[in-house]
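What follows is subunit A paired twice: with subunit B in the first complex and subunit C in the second.
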Partner chain A sequence: MASCTSSIPSGEREVSECSSATGGAGKELKVNIEFMGGAEMMFDNQKKLNVTLPPAECKWTIRSLLAYMKVHCAKGGGLERFFTGDSVTPGILCVINDQDWELLDTLNYELEPNDNIIFISTLHGG
Partner chain B sequence: MVIEKDFKDPRILQLKEEIKNLKLLLCQKETELSELLKPVAFSCCHGPSMKGASKEKLSATEISRYSRQMLIPKIGVKGQLKLKNSSVLIVGVGGLGCPAALYLAAAGVGCIGLVDHDCVEINNLHRQVLHSDVFLNQPKVDSAFAALRRLNEEVEFRTHKTQLSSSNATDIISSYDVIVDATDNAPTRFLLNDVCVFTKKPLVSGAALQTEGQLTVYNYENGPCYRCLFPKPPPPNSVKNCGDAGVLGTVPGVIGTLQAMEVIKILTENKGVLSGRLLTYDGLDASFRTFKIRDKSKTCAVCSESPTIKELIDYEQFCGSAANDKNPSINLLNPNERIHVERLAELLKTESENNTFIDVRSPEEFEMCSISKFVNVPINSLFFYNTSSEPLFTDLKLDTEKPVYVICRRGNDSQRAVQILKDLYSHLEIKDVIGGLHSWAKRVDNDFPVY
Partner chain C sequence: MCSVSDDLDCLSLTSSGSGTDKSLFHATCKKCRSEPAKVVVQLKEAFCKNCLLLYVNHRFRACLGKSKLIKPKEKILVAVSGSLASATLVDLIHCGLQDTTPKRLMFSPIIVFIDDGAALGLSNEQRLKIFQEMRIMLKNCGLSTFYVPLESVINFEHNDLKEIQSETTLSINECSVSKVRKIFEDLKSVTSKEDLLIKLRNNLLIQSALTLNCSKILTAETGTDLAVKLMSNIVIGRGAHLPLDVGFCDTRCTSVLLLRPLQDVSKKAVAFYVLMKGLKTVFIPAFSSIERKNCSLQKLTENFLVGLHCEFPSTMSTIFRTGEKLSLNPLSPNFGTSSCELCQGPLDIYATESSAYLATQISSAVSKYGKAAINSDGIHVMNHSSERAKNRILSSSCKNEANGTFFNPVCYGCQLILAESNNQIHLLQNSLRKHHNQILRDKMKEEIADFLIE
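Showing the complex of A and B:
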């Protein structure tokens, strides 16, 4: 199991829509990330990542997590196969604590400590 | 010590040939018999055309044959009769379709349709378990038909040797009760989904790649459809197929078998159908997981109350990729940046010391087969060098003055590699080999493995 922890001060992170300071600020946030169906290819073939997110001025969301992952966890070329805009590429499902993120406000879902986030690339082979 | 058999023994060769011919003769006779047994009026799968057997009753043979599954209270005589009077269409007779068809035929589904336009290739046999050597280069539907008929003559099989398309899909699908998506590409998956929504058929969808599989049921009762989950098609370059990424045969074996299970549950009106849930199988981890997925989307382009798509569209255009799992040839380089395999053969023979030869396939592929004098530099590592801009040739201890020739499997990645290398080493002469190792095997070395 790998981890990717930031060495960059949180002030330098590029996190959009970080407008209001709410609860959870000022503390590190640990979440577990898993990849399935080949989504791990853009993350050094690590199927599981323990990510410690640095203290932030506002709550971490899936949107800001993706921005963080792009900078700190992704490796090699072909990142457009995982990241598109501020979201994931079509064909990739996001599951938060065993539920489709669509049931949980997708990109705006606010992360809680020890959340389990799975990115599933849909397969087409047969 | 094992004594090696002499496979050149004329008697062995003679027997092999005789057995092959007998198998073909057997197939011919079986086909002739099934033609004679075929009902005259061949209206559709349902109804009395079915082998003339009774719809309402099970024969003594049927009771014996299916007794072990009929003993299950959730199946019983009622469930078996439902199976007998049902029809299932399996789209794609490959890694998923073969086991799905096998179990559905064995379970006594009354009518099974098979759709596939491909022929059996040798690289199919490790996972497409209905096919065998005798049927190499024969249509997959014929091969599957022969194998399934031998398993259960009571089932009516219908073969559709065609590529499912917007023009024929509705006709083919309309006469079946449940559809099994055992295809291998995105355009056909979207097409199948839309037809199933329009014709109100449940779609049992499976997929497999490398050591992972996925399964769900779309368009069942009020559950989501494929487009509810995937409103936009995946970008073509993000889709991996079995021919490139590989697949372990047991994985589609597991998923195809589970597809048959879902079909049986739907047909026998049992609860617990995998609708609104996604099942994933990780073979290496030996784990099955099920995730709750979204409900039917109120804004779905096909299955919502105000659909924007009301008829079948051009799915290859929609997905930007072809409705098969083959890779089209690309053309990125000028003709003077490319050489033919014959020229490569000359260079290897006479000037191998004055040139650098690079094979950009994966290490796994390079280990399977390679041309001597070639050094393996996987294209993925080039992408990495490209981003980190570290000097590649010092790492590899290759000569930075000699011209470079790049080869891959089919001549696509070699062109991409030439482009990357030219950015890094603009002073070097760098060319790719047109058609890659497939051309090499065809035109220079016929003994070179093709995969």
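Showing the complex of A and C:
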């Protein structure tokens, strides 16, 4: 739990730096997030999330999306079940537009508007 | 025809650090070489949608076909939990039974869903929600589907098995539910809770199979699950039963075999199968879902192995392929003739001298009684090879003796569960003994079959 709480501020900083650099320029980015296999537990049992990301100068990537989700979407305890470092916990698959993220540069994938991102937990008990 | 060694061909011991391999970006399918790849199933092997579906189907069919255990028109029980893997198994069987399928599956499957909400401490509303989601999930498969609550294990009767589609509400036997809840609350560690749940679920599956006249049970354990189970079973003291617990065929009960046809498929492949086919799944929380991250030995092992697998993508297949080569030697002096009353596995407690089991026994006796233990009955008796003397030690190691109720000899792994329970586990005793005796009778029947006059 300790590692989890200490990593939240760093995530916040990353997001705020990113958005403050632009000073409001750029466009908002809408993405659809879905959870399967128990990953939804960490997100208030919501299977689908429509997230509008604030404008940012540097392009939104999966890495910065995860940092954003950690601060804004995750609810309740057990964050360390989903997030590990700046990525997801091993055993949680990330699927971007029906394609394995390993084919798309994983964390460095640059988000496009209306991307569908699915997180599937293959771990026992979510 | 079908090789299962492809996983090992790419055995690399260098860290790949998943995702850093740029050669896979925007790759085409390794198999058909025309479609864009959608998923990396094995190291550097990227498949498109159709090839992945074919791959999973092929692995499943090859595994069943190779075993030659299933005969045409045989009634087979399919255990379903709502997970990604069980949704895949149901879909594979459903598609395999269609008339248009070449080499159609010839057996007749019956689906059974075990509702373990009572053990997990779920409320009646939560259980009803899960039940209804399961109904929807299994509605379209067109197979006969049964539902049995875990609390039936207390006193299993034939009418505990209910057609899931004809039931609209749950009929919950509050008395049994509170008993099951007590049994699980009584166990101190999540490790034992998870272990006991698996054993009870297996018992109930075998009882359901016997009731429905099925001679085989199919479970949806994937290769990843089995690799994790292999390591965690060693950790929790079930190493002696590994070939039964992680092999393709579990022969604990001679009249009902438990088969694992998804053993050659990884969890990732199964997840993408579900995603690409748009199958419905039902998420049922486990004991570990509400606890902290590494709350049980099983969960810790899983997290460790999955983490390692990310760095070294051959981890799971290497473990699994190694485990596959293990076999049980029934003639070994370490196994007695009888089986454990709780898990039905062969008893691993008739240890030869200077074995690890004897060492733990001596160590626990010494830490309990001090120096006196060395010359006391305990150690003395243990050195005798007579079965009765050993049973005495065992029964004294079961706390339930104080209550006048103790299990017949149980295996080492189950002893650890019993040692954690205060008294509540004796609630299970009658039903398990009944079940145990039935299995023993079946075994005996088989042994003397040649001498019987029809």
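Here is the rule we go by: the second predicted complex is superposed on the first by the 98 of 126 C-alpha atoms of A that agree within 3 Å, B and C clash if a C-alpha of one lies under 4 Å from a C-alpha of the other, contacts with A are read in each partner's own complex, and residues count from 1 in each chain.
Keep this in mind: contacts are C-beta pairs under 8 Å (C-beta built on N, C-alpha and C of every residue); 3 or more make two chains touch, one makes a residue touch a chain.
As the structure is a computational prediction, the values presented were derived from the model and not from experiment.
For the composite obtained by overlaying on subunit A, subunit B and subunit C cannot both be accommodated without a clash. In the superposed pair of complexes, A:Asp105 makes contact with subunit C only, with no contact to subunit B. Touch criterion met: A:Glu40 reaches subunit C, while subunit B stays clear of it. Once chain A of one complex is fitted onto chain A of the other, the partner contacts of A:Val95 extend to both subunit B and subunit C. Shared-chain residue A:His124: touches subunit B and subunit C both.
Of the stretches 4-12, 40-48, 418-426 or 436-444 listed for subunit B, only 436-444 runs into subunit C once the two complexes are overlaid on chain A.
Of the residues of subunit A, those at positions 36-38, 78, 80-81, 89-91, 93, 95, 98-100, 102-103, 118, 120, 122-126 touch subunit B in one of the two structures and subunit C in the other. The part of subunit A that touches subunit C in the complex is made up of residues 1, 36-38, 40-41, 78, 80-81, 89-91, 93, 95, 98-107, 118, 120, 122-126. Subunit C meets subunit A in the complex at residues 18-19, 21-22, 24-27, 37-40, 46, 49, 83-84, 224-225, 228, 267-268, 270-272, 274-276, 281, 283, 285-289, 292-293, 298-299, 302-303, 306-307, 309-310. Contact residues on subunit A toward subunit B in their complex (touch as defined above): 36-38, 75-78, 80-81, 84, 89-91, 93, 95, 98-100, 102-103, 118, 120-126. Residue ranges of subunit B in contact with subunit A, taken from their complex: 92, 94-97, 182-186, 189, 206-210, 212-214, 229-235, 237-242, 245, 247, 252, 278, 280, 282, 291-294, 325, 380, 383-384, 386-387.
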